[in-house]
Structures are given as C-alpha cells and as structure tokens.
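One structure below.
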Amino acid sequence: MEQKMRTMALEDAPLIRAHGRTGPSRSPLALFWTGSGIELVVTGTELWLEVEASFGPYEPWFSLLVNGTPVSRQMAQEGRRWVPVFRGMDPRTAKRVRFVKETQAMSGDPACALLLHGLRTDGELLPVPERARRIEFVGDSITSGEGAVGAQAEEDWIPMWFSALDSYGWRTAEALDADCRILSQSGWGVLSGWDNDPRSRMPAVYEQTCGLLGGERNAALGALEPHDFGSWQPDAVVVNLGTNDSGAFRSPQWTCAETGQTFKQRLKDDGSFHEEDLQAFEAAAEQFLGRLRACNPQAWIVWAYGMLGIEMMPSLYRAVDAHARRTGDRRVAVFQLPAMTARTQGARQHPGAEAHRQAAEALAEHLRGLLHER
Amino acid sequence: MEQKMRTMALEDAPLIRAHGRTGPSRSPLALFWTGSGIELVVTGTELWLEVEASFGPYEPWFSLLVNGTPVSRQMAQEGRRWVPVFRGMDPRTAKRVRFVKETQAMSGDPACALLLHGLRTDGELLPVPERARRIEFVGDSITSGEGAVGAQAEEDWIPMWFSALDSYGWRTAEALDADCRILSQSGWGVLSGWDNDPRSRMPAVYEQTCGLLGGERNAALGALEPHDFGSWQPDAVVVNLGTNDSGAFRSPQWTCAETGQTFKQRLKDDGSFHEEDLQAFEAAAEQFLGRLRACNPQAWIVWAYGMLGIEMMPSLYRAVDAHARRTGDRRVAVFQLPAMTARTQGARQHPGAEAHRQAAEALAEHLRGLLHER
Amino acid sequence: MEQKMRTMALEDAPLIRAHGRTGPSRSPLALFWTGSGIELVVTGTELWLEVEASFGPYEPWFSLLVNGTPVSRQMAQEGRRWVPVFRGMDPRTAKRVRFVKETQAMSGDPACALLLHGLRTDGELLPVPERARRIEFVGDSITSGEGAVGAQAEEDWIPMWFSALDSYGWRTAEALDADCRILSQSGWGVLSGWDNDPRSRMPAVYEQTCGLLGGERNAALGALEPHDFGSWQPDAVVVNLGTNDSGAFRSPQWTCAETGQTFKQRLKDDGSFHEEDLQAFEAAAEQFLGRLRACNPQAWIVWAYGMLGIEMMPSLYRAVDAHARRTGDRRVAVFQLPAMTARTQGARQHPGAEAHRQAAEALAEHLRGLLHER
Amino acid sequence: MEQKMRTMALEDAPLIRAHGRTGPSRSPLALFWTGSGIELVVTGTELWLEVEASFGPYEPWFSLLVNGTPVSRQMAQEGRRWVPVFRGMDPRTAKRVRFVKETQAMSGDPACALLLHGLRTDGELLPVPERARRIEFVGDSITSGEGAVGAQAEEDWIPMWFSALDSYGWRTAEALDADCRILSQSGWGVLSGWDNDPRSRMPAVYEQTCGLLGGERNAALGALEPHDFGSWQPDAVVVNLGTNDSGAFRSPQWTCAETGQTFKQRLKDDGSFHEEDLQAFEAAAEQFLGRLRACNPQAWIVWAYGMLGIEMMPSLYRAVDAHARRTGDRRVAVFQLPAMTARTQGARQHPGAEAHRQAAEALAEHLRGLLHER
C-alpha cells in the first residue's frame, strides 16, 4: 500500500482541474484572477504543491482547502517553493484539495505573478467530480473581496485585506454547486474608474485572458491574448459594476500624463449627475451587455449591484432596457444586492465577510430561480 | 392616591392620539386601515377600552401593546364591548398603551367596521410623546401582512392570518421611530387587481379616507370623503405595488357583470408581457407618482418592491424615470426588498414574519439614508 | 355539506383531550396550572369555546393555537362567555386547536379560577393524535414563565407578564413532541419560599391535584384531592427548584402570624450558607426525590437548574447522590440550564422569551439523550 | 521617515510579550503548548518572523493575527525560515501582531518543536498593552481544539484539524480581555487517559513547564523543568478534564509494555461505573484541586465540563465538595458547558468552531460573574 513520494509537473497531471482564465501553459500554470487555482482529488498520506511568486508592491496571497474546509492562508513568497498541503492522512482515502488565489490580478504591479508548477505526493490522482453549473463574475473591489478580511479601522490598500473565499461570488457559486470565474479590479468601472481614468474599464479587458495586467512576463504568460470563450461557457454572467462609475462623478478630473487628454463625469450645480455624462455611462453599459451576449450566447446575464449604494440603479435598468429592446435579448436581468450596513462593514469601508454572506444568500436564491432549479 | 374608575368618551380625551386616516368623528373613532388605532399614556392600576365591531364574512382582529410589548391579540366580536387592557399595575407609573387594528380594510365586506368609543381607568392621561418621523405605506396583501401569521400549509383567506404588527411596514416604522399609516388591500394593484379587475386600483382610492370600503355605514363614517392631506404630511411614502399587476398577465380576462366590459393584461405567445399592456401599467404607475407628489409635496416617494418576485422592476424603474423626467422630481426612488425564501414563507404563499423582519431591516436602512439620519 | 352550529358540553365531547391535572368534572373543566387546557381536532367553518373566569387581584390569561400557531392571547374576563376561535375556514379541513392557560395557579388569589364549559361549532370532532412522550415540569416562577412577556423595565407582579407558551417547559415539550404538565409557583422552593415561608414548598403540594390553591371553590373543584398518578405517567419529570431556596438565605426571617413560629435559612458571618441550613435543604431535596420516584416509578427524574444562578448546584448534586445511594435509583440526573444573560433578560429580572428558548434547546437535547432517541 | 529593514533576536526585543509557559531561553523561544506565541506592537511597513520547526509524525501549525484579525494559518515547515507577516502598510501606524501556535504539545512526537528566533522590520517596537486578566485552561482534546477545523466526516488524527484560535479557551479569554495559557492534551485525563494508561494524567505534568513532552531536545529547551508559578498568577484556572476518564471505563485494560503492570477503570455488570474506580477518580480530582490551589493561591478554580457528555459531573461535584470541606477553599466552582450538538459537531466527533463559540459565551458569562465584573 505504501508508496514513495513522487513529483509531477502539472502538465503531466491531466486529472487536475484548473480554475480561472489562464494562458496556454500548464507548467507553470499562471493564476491571474482572484479565485483562480487548481482542484484535485488525491489519495496518499501527503501532498505538496510547487508555487512560484514574484511581485513588486502587491504580493499575492493564497488559500488551501481540504475536503471543502479552508485549512491554510498565506502570503506568497518570492521565488519557487514547495508548499505543504497535508501530511499523515489515511493513504487510502480520497482527499479533495483546492489551491485558491485570494487576491485580485494587480493592474498596479506589472511584476506580480503567481504560478503553479507541480505537485509531490505518495498518492494517486483521481478525477475531480463535475459541478452542476458555471458562473462568471465581473466586478470591482467588491467582487475582489477587498476588505472582506480585516478590522473596520484598517485603511491600508494591501493584498492582505482581500479574500476570494469570503467574497459573495465564491459563496454564491458554492451555494449553487457551481464552478466560478471572477474577473474583478478595485477601482474599475464600466466607463471609467473611480478617478475618471477612462482606461480603468472592465469592458476594455473582458475579452482578453487578463488584459489589465502589465509587464512583459504577464504578456509572455498569455494575459493579453484574446480569451477563447468557446472553452468555458457559463450558465450565468453576474456583472457587479457601477459603484466606481458613480464615484467618478464626485472625483476630480483625470488628465492623461502623456497626451494631456482629460476625462470627467460631471455633477450639475444642484448636485445631480450631468445628463450627458450619465447617458455616456448608460451607453457604455448597454454596449458591454452586447459584448457579454456575443461572448456568452446562452448565459443569463445578471447585473447585480447595490452592496455599496444604489445610485446607478436607474441607469442600469435603462441600459438593460435599451439592450433588450435593441436586441430582443430576454435573458438579461438586474438584481439589487443587499446593502452593507454599519454592522456588516469590513476593512477599508468595504463589505465585510458577513455582508458578502448576505449578498451571496440573496443572489444564489435569485439565480436559482433564473436557472430553473428552485 | 387611589382613584375611582372613570369612563371617558374618546372625544373627551384629547391627549389620546389616533393613528390612521379616519373620519371626523372621535366618538366613535372609526379604524379603517390595518395598523390604525389609538395610543395613550396613562397612570393608574387599570385600563379598559370600549370596542365596537360589526362584520359579515371578515371579522376584524386587534392587538394591544403595553409599553411596547404586544400582550394581547383578539378576534373582535359583534357589538359594543369593554376590553380589558391591564389590571393591578402600579398606580403611579405611566403606561404607554396602543390599540392596533391587525386586519386590513375589507373591500369585500361592506358590513365590516371596527370602532373605538372610550376608555375606563382609575388613572390620568398624559401626553403621548411625538415620534421623530411619519411614514405612509401603500400596498397590497404583502403590506397588509397577509400570511404573516399562520403555518405554511394554511390556505383559507381569513382575517386570522393577517397581522399589522408583524408586517414590514410596522417594523420599518418602529426601527425609524416613526408614526405610520398603512393603506393596503389584498389583490389590488396599480392598473388592475390580480384578476384583471380594473376597479381594484389603489390609485383610485388613494385620495379618499378609505375609498375601497362599501356600505352605507362606512360612508356615514366618512370612509369615502376626500382625505385632508394637509392634516398629516409624511416624511416618506413607501409604495409596494406591482405584484398583482404582474399576476394579472397570467389571470383570465375580467368581465364586468353589469356592463359586459372586459379587461385583460395580455401575454404574448412567447410568454412575455404584451408591450402595450405593460406600457399601460407603466403609465398608470407614472400617473400615480404624480398624484402622490401632488398630495405629499415634501415626502420622499420610495417604490419598494420585490418580496414576491421582481418581474415588474424594469417597468417601475421606467415609470419613475418618466415621472422624474417629466416633473423634475428628485425625491423619488426605487428600492428592491429582500425576496421571501422557502425558509421565510408564511401562510398562504405569502411572506412570514421573518420575511417581513428582513424586509423591514433593509428598508429601514435605506430610508435612514434618504432621510439623512444614518 | 353545510352544517348548523351546535353547542356541546365538554363532557359530551370525549374526543377532546384535556391537558393538566384537574378535578373529576369535565363540564366545567377546571384549569388550575399554567399550560393546562384542552386540545381538539375539528372540521367546520367556525369554532367557539365557552370560558368562565373569576378572580380577585390576579386574573387568568389564555392563548389560542390553531394548527400550532398562536393566534390569540387574552386576559380572561369575569363570568361565563363564548370566545371565538376561528371563523370562515374551509368546512372540510381538520383544524387542530388548543386552548392554553397562560398564567400559573394563583396561591395568592383564592378566588381565581378558569373553567371551560363547552364548544360551539358547525364541524365534527375528530380524534386528537397522540404525542410521542409525556413530560412533567415542577418549578417556580421560572417554570411559570414569569417575565417571559414584557419589557426589561417592567416591575409589576401581574399575570400579564407570565406566559406558558414562551416558557422553556412548553418549548421543550414541543421540541420532543411531548404532552406536558407544568406544576409551578412563583417564589416557591423545596424547603421554603424565597421569603423563608416554610409553607411555600412545592413538595408539600406535589401529590395533590393543585394543593397550593385556597378557597372553597377550588376545593370544590377538586384542587386539594390526592392526585391519581396512575392516570398519567410521564417519561420524564423535570424539577427546576432551588432558586428561591437560595434566595431565602438572603431574605429576612419569616414569622407565622398565627403561631409566632419562625423560619430562617442563615448566612454565616463570612457570607456563606450555614451548613446546618444547607443540609436541611439537601435533606428536603432528597426526600422530594424519593416522593417523585414513588409517584413516578418509571420516569427519568431530571433536576434542571441554572437559569438564574447556580449557587445551589453542589447541594443538588449531593441530594441526588444521597438519593441514588440510598435507593439505588439509576434514573436520576442533574442538568445545568443555560444562564439568562443581560441580552436575554425579560421582565421583572426574569428570563425573557429568548432565555427560555435557549434553555429549551439545551434541555430537549439532554432529554433526547436520556430518552434514547438521539 | 523611511527606515531600513533590521533584524533583531527576540532576546534583544524586550518589548515583545511571550505567551505560554516556556523555558528560560528567549532566542530561540520555545512554543510548547497550543495558544502559546508572541505578541508585539510595531510601526513600519513590513514585518517578518523567524520560525524554526522540527517534527516527526505531527507537525506544528501556527496562525498570524494583525490587529486582532487572523490573516494567515500555516503548517510549519522543517528548518529555520523567515515568515512574512505584513508588507506595504502605513509606516507610521502601530500594528498589533500575534504569532499563535495552533496545535497542542505533542506527547506522541518527541521530535516536534516550534521555536521563534527573531524578527525583521523597518518599524519600531512599542509596548504591548496589558490585558485586564489572566486565565489558565487545563484540559484534553476539547481544550486543544481538536476537530474545531475540518468537516464532520474527517477521521484522521492529524494536527491540521486542531485550532487554538477556534477553541473555547481562546475565545473565552478574548471575551474577557484576558491573557491565556492553555495546557491540554488529547486523550489525557485526571486519573488516566481514555485508554486506561495511568501515565496520561494532566495532574502529573501540571507543575512542569511542559512535562508531557519527550525527547532530549525538549528537555534541553526546559520542558521538564518545574514551572515557576510565581512568574504568572492567573485570576482563574479553568479545568476541563473528565471526558477521557469517563471513556476509560469503556476502554480495554492498559498493560505496561515494560513492567506488565495493568490498569482498568471497571464497569459493573449492569453497565454502571464500579464504585471503587469512580472513587479513585474522585480522589485524583480532589488531589488535583489541592495542587491547583497550592500553585495558584488566589485564583478562582472552575471545573468546566460538559461539551462531550456530563457523565462525570456528579463525581466532579463530589470531588469539589470534598476539597472544599477538607480545605475550607471557597473559590472553587463547577460549571457545566453547553453540549455539542449534531449541528455544532466538527471533525473527528469533536466540537466544531460553533460549539466552541457557544461554550465560550457561556463560560465567559460565568467567569465574569465570579471575577466580579458583571
């Protein structure tokens, strides 16, 4: 029964399932987005994973789950290291293991990368059971789980306060027995970022593998390649954007350092949104819906919004209306997520783990209805 | 210290506060709507209230609160009776007491009436402290608290399963320290009732004291008189209508017994709403918003919807948009209430007490933001 | 299908089940203890019960349950009256109805009585399904649900603040699908009452129907008769006494008005209990266990204590030890109930409904283990 | 403002507070017991800790807390390594950091050791604020948090399923703002272990630093030295032992491999405990109380028991009685902890995190009363 420890490259372990959009390489496997990682079922007493990380200011963090329980969470360290997952377990039982990236793709740190190379075990790999559904989440800091870890008083913008496992997206997927992919970036929006930077638009990068990443290495890993939508079609795409577009109206004008070009969502004297600028947001949202539909022909598209204010809700309804009217699309919906409260606030004025739990409960119930499995 | 028991007519007890739209008479005081009643602060050892009820199929129920605690709930009985509230209490302490109608105005029972005549006590009446705000709720069975009492298996449409105290409106008002008025009727909508009956429109009766009541007696009590909006201006009007308008699309055509006139909200062959009919609903909603604004010039108007489906939400957003654009009204909002779930369902497929509690928590938080007291 | 309303005396309705120790008469049926009442299953559209009450300072309250849901709670009124239970229900369905006395037997009000005479319905009575077990509770104000209703600020000792339905005993029985009987009296103990009155001993009245009641009428109703233990053997007897015995050590000496006899549980100078007096308490507890065993040969006897302090717990363990050693009794246990906290406190410094809920959850779990149905 | 990273040995950092009984060395600092570790307050952007581990079958795990939030949990790796705690934080703010051993001292793995050498930071150390109290916990697997991590289905006895942070002891201390020390060992008891091994007695090792550890290295680190009780006097000692003594009655006889000596707690034919053996347990418990008192002259001693059965409770009460009677000790108490339920069970049939949370809530409330700070 007893086996020797063996080392395997990921590319030689086809039974291991990779989660998240990534490049063509399997060894190493690049983990770009939060919530991405690998999943495997293995017998044996012991398991190690070979992890490589590099970064500038924003280091990646990851978690390990054994049979569904989070057992470890760590800051990744520079270089290539073997990380122990479990030891001393019954050699015959099958263990279901996940390695999950806890932190978002870092548009602000071109050096940031998290790669998986291989595994070491005395067990045998077994097939990973399929989940019932697939859900894709597209969002901003809320969807990145910013502040889901940490006390309310925390103010530093650091990866430590992010969590995929505590985010509403991950929890919604768990509640629905769904694989999930989470594309998200703090500060980004539909038309511009919170600071009026028009480059911080999720629609601009949605069709690439992970187009918001800079740096030659990420490019070499395939981050900027067009995503092959045929390879993974979700049952639902949940879009949680608008919070930063709303913030842009109250932020100073953005000026491009190179070209001097400027951008600003304007408030009127009475404090209300300038109609023209709101209209530009709605047009961008409508256009994004069109692209989402083109990329995901069968999926329900649900704009789920409201954990940090519902100011853009009327615009979102108008955008969805316009899209539906223009295209006849009947599988588009808007859903208001439960608002974070003083009690459920986490770090950095963002939703805490309890706010995410509530949002996941409501969203899962709603999606269950749409996906006809009530 | 000890006093004799004395009997007072309500009209001789100006310190007693009446809640709810009513007619000109104070003795008896007609309680039309659910949640209406009286509130008083009294010393003494003992208190009785003189209650009169009459009804056909749908008897009224009422509750008694002492110092904020519900101590009694009863089916009203025919005739004029003295109902004991408390006995044996410390004669010197002030007790705050409420008599609350638990059941909605009964459009289907012209004989139904609940009247208060007077009180009997050995104590002295004291002024009732003012609450910080006033909120008006306009809705259907959900707002009437239908099913908030009773097991999930209950199917009878009877007053016993209704409750004002357990309804989201009452609880929202409590959370915000607000006086509330609740205008609601099971089955009614904006454009028609659930059965396509165009007479079951809340907008048609909103400007009367309690215009949905039939019968000569109710007329004599003032139910059909125009309401004097100047006498009670709310800080917020919460409208929870649309659920029955949504149902009308899936109900048979209504035919007027007298005129043969028919009405029907139509589904298209593909199961979607007929655009023309949906447009009629939206026009009715928009028009109602105009009347609400005319009647309540300063109030926030919040269309709060979603406990039993969110199908009409896009239409509600369009109606609010159209209203705001047409009038420049900036104090109108839409808010999605948390959906009832399998766990929080009450009697008759309606929200149970826990669903109302959740809705109240979310709505109170939202209103707190609008009313600038976060 | 439609039936006429008919009136029946309880004695002519053998399908109706009576709960609680009572006298020989069925019409009227005397309800002595809290939680006593009747239970019936009936078809028909309408049901009334004929209730008679009389009292001096402490009036009885009662609740009505329809299909397990509490729908009404009322202060009983002097005299003989018909109380409506339900109206307008589907004539064919079977409704399970309970009438429950909410307030304890009143040792301080010899005039207090609550009687049931008969019912009026257009339906047919059906057999009441049997429950799986029988549990008897013996206790003091905690077991009487004193303070389970009412705000923390309430100080009046009045029946309004008592509740059987909210008490841990009733809820424990519900959780275990058990019929229950509750023998309890505020202020009473094992050896004496909280005020050192040696007459306020539950053991002294345990073997009578309801021996703590005074007055000729209660005597005539059979309250003082020896209880026929053969008629109802419980699976478990839960004793929750000791809290008032503990209080007696800190209360003034009691002096008998007639004989001048005195009684006092003494504290020593260092604030600890006088050993001799503690020993007297333990002897009384041991003796009570012997009587409980004699009266209930097969039942588990569980001394469940601790909602308002655990000061007497060592003594209770010693008493149970002594009893078990002396008699070889193996079906006796002590169980510590969860303590009331600042958050779960109710009226009059007594456990609130939430404290009772927690106690019931823990006790039901423990009894489930003893009764071998985990 | 910006500082260079500096490395410090623990012995050169007197502002760092060490938690848990340990040997004389500060660099390295040996962490023997679960919940032991260091606590520090530091400014700066970055912090690393130098951790050394060695082990045979049972590796240590540790957690990191930043400002009270658990941010990382890891399996320790062989050898001496720098572990990152935080990066990129505001250099000026003070961060409160804890390194906590998550796993118990391993009597079954003489090679197991976890040592802290030093730290690296660009910040300055500040004094660690004092907590209000000190509590010591003495227990078995329950107190070690065995099964507090992991799914109910887990059966492997491995360190991964242990947790100090999720244990009732840690949480009780947190609730009371107390420093805590936790002395615990799975399978151990008062008179013998669950398997009747008389060497597995916590009293036998209570007066050493960590006397249950084997191996020369642990001896060299000071594990077997007499503990200096004067150096840390607790306000309360909580003893949670008895569960394994209870199990011994149902386990086979133990035979010493070397001497052939045997030990067995016997059941009688009727399934009850043999009186003589139960008496031996009680004598051992009484004797332990005497030693606890001798070592901790001022502390409240609370025997807190009941999360996995309350079978030994009568014996514990007798032991405490005997101790109190013999010595006049008035600061000894017994407290029943809430039982684990099917819902709150964790891994390996042990209490899960929710069971520990409930136990901590009840125990903290009780201790608050004893320590006069209600």
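As written, the chain order gives the labels A, B, C and D, with residue 1 at the start of each chain.
The rule we apply is simple: contacts are C-beta pairs under 8 Å (C-beta built on N, C-alpha and C of every residue); 3 or more make two chains touch, one makes a residue touch a chain.
Bear in mind the structure is a predicted one, so any value in this text is a computation, not a measurement.
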Original post:
Going by the contact rule set out at the top, which chains touch both chain A and chain C?
Top reply: B, D
Original post:
Expressed in steps between touching chains, what is the minimal separation of chain B and chain C?
Top reply: 1
Original post:
For chain C and chain D, what's the span in angstrom between their mean Cα positions?
Top reply: 44
**OP:** Return the distance between the CA-based centres of chain B and chain D, expressed in whole Å.
**Re:** 58
**OP:** State, to the nearest whole Å, the distance from the C-alpha centre of chain A to the C-alpha centre of chain D.
**Re:** 39
Subject >> Touch relationships between chains, expressed as pairs >> reply: A-B, A-D, B-C, C-D
**OP:** Write out the stretch or stretches of chain B touching chain C in their complex.
**Re:** 57-59, 66-69, 71-75, 77, 84, 86-90, 93, 149-151, 153-156, 158-160
Original post:
Can you list the residues on chain D that touch chain C in the complex?
Top reply: 270, 272, 306, 310, 313-314, 317-318, 320-321, 330, 334-336, 338-339, 341, 362, 365-366
